[in-house]
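The first chain written gets the first letter, and so on, giving A, B, C and D; residue counts start at 1 in each chain.
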Amino acid sequence: MPGAVLEVRDVSVRFGGVVAVRNTSLELREKEVVGLIGPNGAGKSSLLGALGGQLPVAGGQVWLGGHDITTAPPHRRARLGLARTFQLASTFDGLTVYENLLVSAAAARGSRLRDSLAGGRERRARLAAAADMTWSRLHEFGMAGAANRYGSELSGGQRRLVEIMRCLMQSPRVVLLDEPMVGVAPRLVQRIQEECARIRDSGVSIIIVEHALEVVQAVCDRVVVMASGAVVAQATYAEAMSSGAVREAYFA
Amino acid sequence: MLIIQAIGFGVITAALIAIGAMGFTVQFGLTNVLNISYAGAMTVGAFATFIAEELHLALVLGVLLAPLAAAAVTLVLGRTLFAFYARRGAGLFEMVMVTLAVNLILQFGIDAASHEQIYRFAFPQGASLHVGPFTFTVTQLALVAVAAGVFASLEFLLRRTRLGKALRAMAVEPRLARTCGIPTAKIVNVVWLLSGALAGLAGLAYVINALTIDASVGTNFLPLVLAAAILGKAGSTRGAVLAALALGVVTEEVAAVGGAAYSTVAGFGILAIVLLTRPAALAGQATGKVEVTV
Amino acid sequence: MRKPIYLTLATSGLLALAACASNGGGTASSGPVGIVQIAAYTGDQAFEAQFSDSIDFPALYAVNHAGGILGRKVSLIQVDTRSDPADALAAMGKTLATSSNVAAILGPDSTSAATLVPLLNTHHQPMMISAGEAAYDRSSYAYLWRDVPPDPANGEAIALWAKRQGYASVATVFGTDTGSQGDLPGVVAGVKAVGIKLADQENLTPDQPSYRAAVERLLAAKPAAIITESDGPTAATFFGELRQLGSLVPIIGTSGTPSDSYFTPMRGAIGSANFNKYFRAVVVGNPVTSLAVKAFNASVLATAAKLSKPVTQWENNSFSESGYDAMITLALAMDAAHSTAGTVYNSYIAQVTAPGPGKQVVYTYAAGKAALAAGHKIQYIGAAGPLLFNKYHNSFGSQAVEEFPANAPAVVVGTITQAQVQALGG
Amino acid sequence: MSFYISTLLVYFFVDVLLAWALNLQFGWGGIPNFALIMFQAVGAYAAAVVSLGPDTGAGAFQRYVFGSDLPFPVPLLVATAAGGILALVVGMFALRRIRRDYQAAILLIVSLIAIQVVSNLVGLLNGSNGLTGVPKPLSGVLAGLTYDGYQWVYAAWAGLIALGVYLLVARLGGSAWGRALRAVRDNEDAAATIGLNPMGLRMQAFVIGGMIAGLSGGLLVDFLSAWSPAAWGYAETFAVFTAIILGGVGNNWGVVLGTLLVQVIFLQVPTFAPQVGYTGLIDALEWVLIGGLWLLCLAIRPRGLIPERRRTVAPPPGVAATLTPGPAAAAPSQGVSQ
């Protein structure tokens, strides 16, 4: 399907007997920010887990830019251009911020062991490129001053930024953000919104799970509303909010 | 013929393992502390009875001493040392290291105290009875009975009593349990005592059967107990008993066919196979989201 | 356990201290004469300790009671192998480096011999090893001596005894622990050589809760006798179950079995009467109760407090006697050479034990010392019999078959001579 | 004296190799390898059997498999390979996605059972008697040397190997691979989402560590010419753990210091003390002390004496001015590091 970078075909996710996501389909076009919203327990995070490969898909398919990634392990999805953040910000606490980014650089991929042991000029060049990229990200996000801090030494908001920067270091095609605003200072909320916009403009598609509807309103081109494991609406924010199904889902 | 008899031998071995594994798994399931010093507790129990024997105390008294001593040691360790490290936010693995260090101290402490000698443990074995193709001594049958009794009473405790319900609730959702006004501290105490007592019994059972005792009996017995507990899934007494049966029978069968040397190999084989086939049994974030509740 | 020692600078303080006093093997000419007993005092083979004690303390008593060597008291230096060659090397090295008065070595045993013999040999330390490995039957180490038969010899003697008793088939029951395996190859070879059927071979993992499976297999094989060596508790479990599940047959123990740590569990498991009826052991040594044996037993009683109980197990204990003879021989050699330096007295070791015209035969250290002082040449005949070292410094002896009444010294019921063994071994 | 010191030096290098292996696996890979000593043992046995010559059958005083006499230094290579292969096999199930406490327990079980197996299958590696008489490498070529001379040559050789291994682990530690490994250690899920294969990286670390441990075993057995189960009791592993925890997990020099302190202060100096109680009392108490020291480390300095080095970086030239966090920094820094 032209323009669709990520395609979900009636995917289901189960925990034992419980069905967390039921035959859900949606697609993500290029340069699009889709908000995945819905009440608690709607299955948003489970769906994200299925896309990222953290949760096994019980039925259906997931396609990423022409590759069937339904059963692919997380690291392979990442190499195909899928990046994500987690509900509780997961930095590498024993690595410095700088290392957190550098280790994520797509440029530094390939067989690290062979390169590390017997890498030549070409490897050094790739590392240098990764280093440059790291610094420019750090500056964009105003985190250069914290380059040498350990992940464990950061505030909740800074951890979010590091996570997002890590995603960008992978030069992804799709980014999944799982409640990126949780535990983030208002000032940074603003920044993260700007970043989302900028990322989108740089040609990346985003799915964002968020409770703060004003954020969704601000950054999303489109929202997908889920309730009890199923999609109840796909529309622009305004339309969705006026739809009965959605109100029901939220307030009934 | 031998093959059939081996089943009988297996049941006895299984009884030993089961007693130990149940005590281990109940505690592990609740507190999530993988308590290596359980081995030390087993040794303590065994030595308690041994000393009583040496002092020619009444047999009953001696037998009672094993669970008592081990329970006391375990409770103290749990309440003081383990609690201390848990408060300081030690993770699952850090707790393993703590219990391991404690085991080193217990084992070699006893080693030093016992002059590093292997002692003969003369426990009355009773007459040997022929049950169908099987031959048991009275004591061996008693051990099997004890194992069965422990299992039954644990099942009752966990499923029928308020304590048991609270205990299981806590194992699933410690925080919630706390907020629901369940006296978690008291329950943890009970569990330490329970686990310690069973450790003592297991250690005693082991040396009764082995007829010999030294500071390393606990550590020698640990692999089988641990294997049974892990294979049976943390916290499940039924699982522990089933795993113990499997380990016991299989190792004895292998011993009957291939010689004692291979029985250890077999035990190891079972563990490896289970790990390869259903790692789900042990699944969980390697970094460990489960919290220590001591 | 290996206990490596690290960056020399860290220990050099201590070492330097020790070094001041240290100028190599046994050349210190005053103070006590150090005799090292290297054995496993800890670890898997800690059971060795009681045996070495039953050698060291009586011998030490005998020597010091007679005024010591060259007027100097003898002091015992216990070096612990921790049952591990690596620890043994570090410990022995430290001892040689830090004590200036080491004059002779008793040991090493099987586990650490390969590691220690080269070290001791290069330090000109005469050593009376207890390792039975055939590897030392024809060793070229100038300072290595052995007054016990190699492992195969004992096994072959056992086979000969079994043949003499007319057993048509035998089974072997051996522990897999260190020290219990050494005799097995000799037994197997010997049994084949004398043409007895080897009905069953059981290897027992020590300290198992039960050996039912092995017992069943053995009963199925219906051997006329059992040849065995293992630690006491393991034997107790096995033979206890054998008695439960079937019936006992004659049991022949190797020279490794006689000691109370073996007898007591066995008596407990199969009953004292049965034990006396069925159990025999083929041990190294000369059955003739000589003056030397009397002297040995006297020394045992004199040092009873230091030995593991009951003391009767050590009286007439051929293993202890051989070790005791070793220390006496070394001491006499030093006296004869008027030196405690290995380089000097090593050549006298064979001399004070070899028979010869005009030599005065002595049975005790005191007598030997006196004779040497009076300017005689001597032949020491030990409690375990004459020591006849061949050119490889090996001295076999005849072997005795003994039975063991409770709380009394062993009783000899038969003898297998060195000649008979060698005829079989070829 | 000299032969004594040279012996200690060899032991020192051997155990530093072991410590570095553990640091690679545990310090950077987060693998709680409670079976560490088993990998040294397999190396030792492997080197022994391939230099002992063919097993001459039941009559011989020791029995073992794969008997052959390969020339130096092939046995060492075999030892290294053996360590790696065993690591691969054990890693297959021990490195699966399981809780780390389970993982630790399982590795401990493996180590405890392995020792029983080797002790009881007498035909395999001569049971608990172990193997003796392993020929010393090049003793023919170096026949001219005295015993001491040979010892020192060997110590130098061990030192050379240690140096080589140091260069290896140092390079790995600072490399992109090391970074990736530490990322997996810190957060497996997150590591996977940035394209790292946790299982793969861990397995690589486990195998490399296993090879180093195996090499150390080969080095040791060539020197001792004997090896037995008593040499690799499970407590040995925890001496190494204590060493690296005390010295500083994740820091190559920290673990060297830790090894030094633990082995000298807690395991060696007591042997110089006058005999207390019965022979062997001190040995037992040493392990009690190790346990206590361990608890102490965990309580006081969980990061060790020389903690893992913070790998700091200086920003590329020209951007120093912009090194203030906050939005302000963002705009001007745009063009910079292009």
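A few comments on the model shown:
In this section, contacts are C-beta pairs under 8 Å (C-beta built on N, C-alpha and C of every residue); 3 or more make two chains touch, one makes a residue touch a chain.
Everything numeric here is computed off the predicted structure, so don't read it as measured data.
Common neighbours of chain B and chain C under the contact definition above: D. With chains reduced to the mean position of their C-alpha atoms, the one farthest from chain C is A. Chain B and chain D have centres, each the mean of its CA atoms, that are 31 Å apart.
Distance between chain centres (mean CA atoms), chain A to chain C: 75 Å. For the pair chain C and chain D, the distance between mean C-alpha positions equals 38 Å. Centre-to-centre spacing of chain A and chain B amounts to 46 Å, using the average Cα coordinate of each chain. Of all residues in chain C, those touching 2 or more other chains are 42, 46, 176, 203, 205, listed in ascending order. Residue numbers of chain D whose C-beta contacts span two or more other chains: 116, 120, 122, 186-187, 189, 198, 235, 280, 284, 286-287. Counting partners per residue, chain B has 116, 220, 260-261, 264 as the residues that reach two or more other chains. Pairwise, the chains that touch each other are A-D, B-C, B-D, C-D. The touching residues of chain A, when paired with chain D in their complex, are 52-54, 73-75, 78-79, 83-84, 86, 90-96, 98-100, 102-104, 106, 108-109, 112-113, 115-117, 127, 131-132, 135-136, 139-148, 150-151, 163, 166, 169-170, 187, 191. Put simply, chain C touches chain B in their complex at residues 42, 46-47, 176, 202-205, 207-214, 216-217, 220, 231-234, 236-237, 240, 244-245, 264-265, 268-269.
If you check the complex, the residues on chain D that touch chain A are 171-172, 175-180, 182-183, 185-187, 189-198, 201, 204, 250, 308, 310-313, 315-316, 319, 322-330, 333-334, 336-338. Across the complex, chain B is touched by residues 30, 32, 34, 92-94, 96-106, 108-110, 112-114, 116-117, 120-122, 186-189, 198, 234-235, 238, 241, 278, 280-281, 284-288, 290-292, 294-295, 298-299, 302 of chain D.
Partner chain D is touched in their complex by these residues of chain C: 1-8, 10-12, 14-15, 18-19, 22, 41-46, 49, 78, 80, 82-86, 89-91, 93-94, 96-98, 110-115, 118-119, 122, 133-135, 151, 176-179, 181-182, 185, 188-189, 203, 205.
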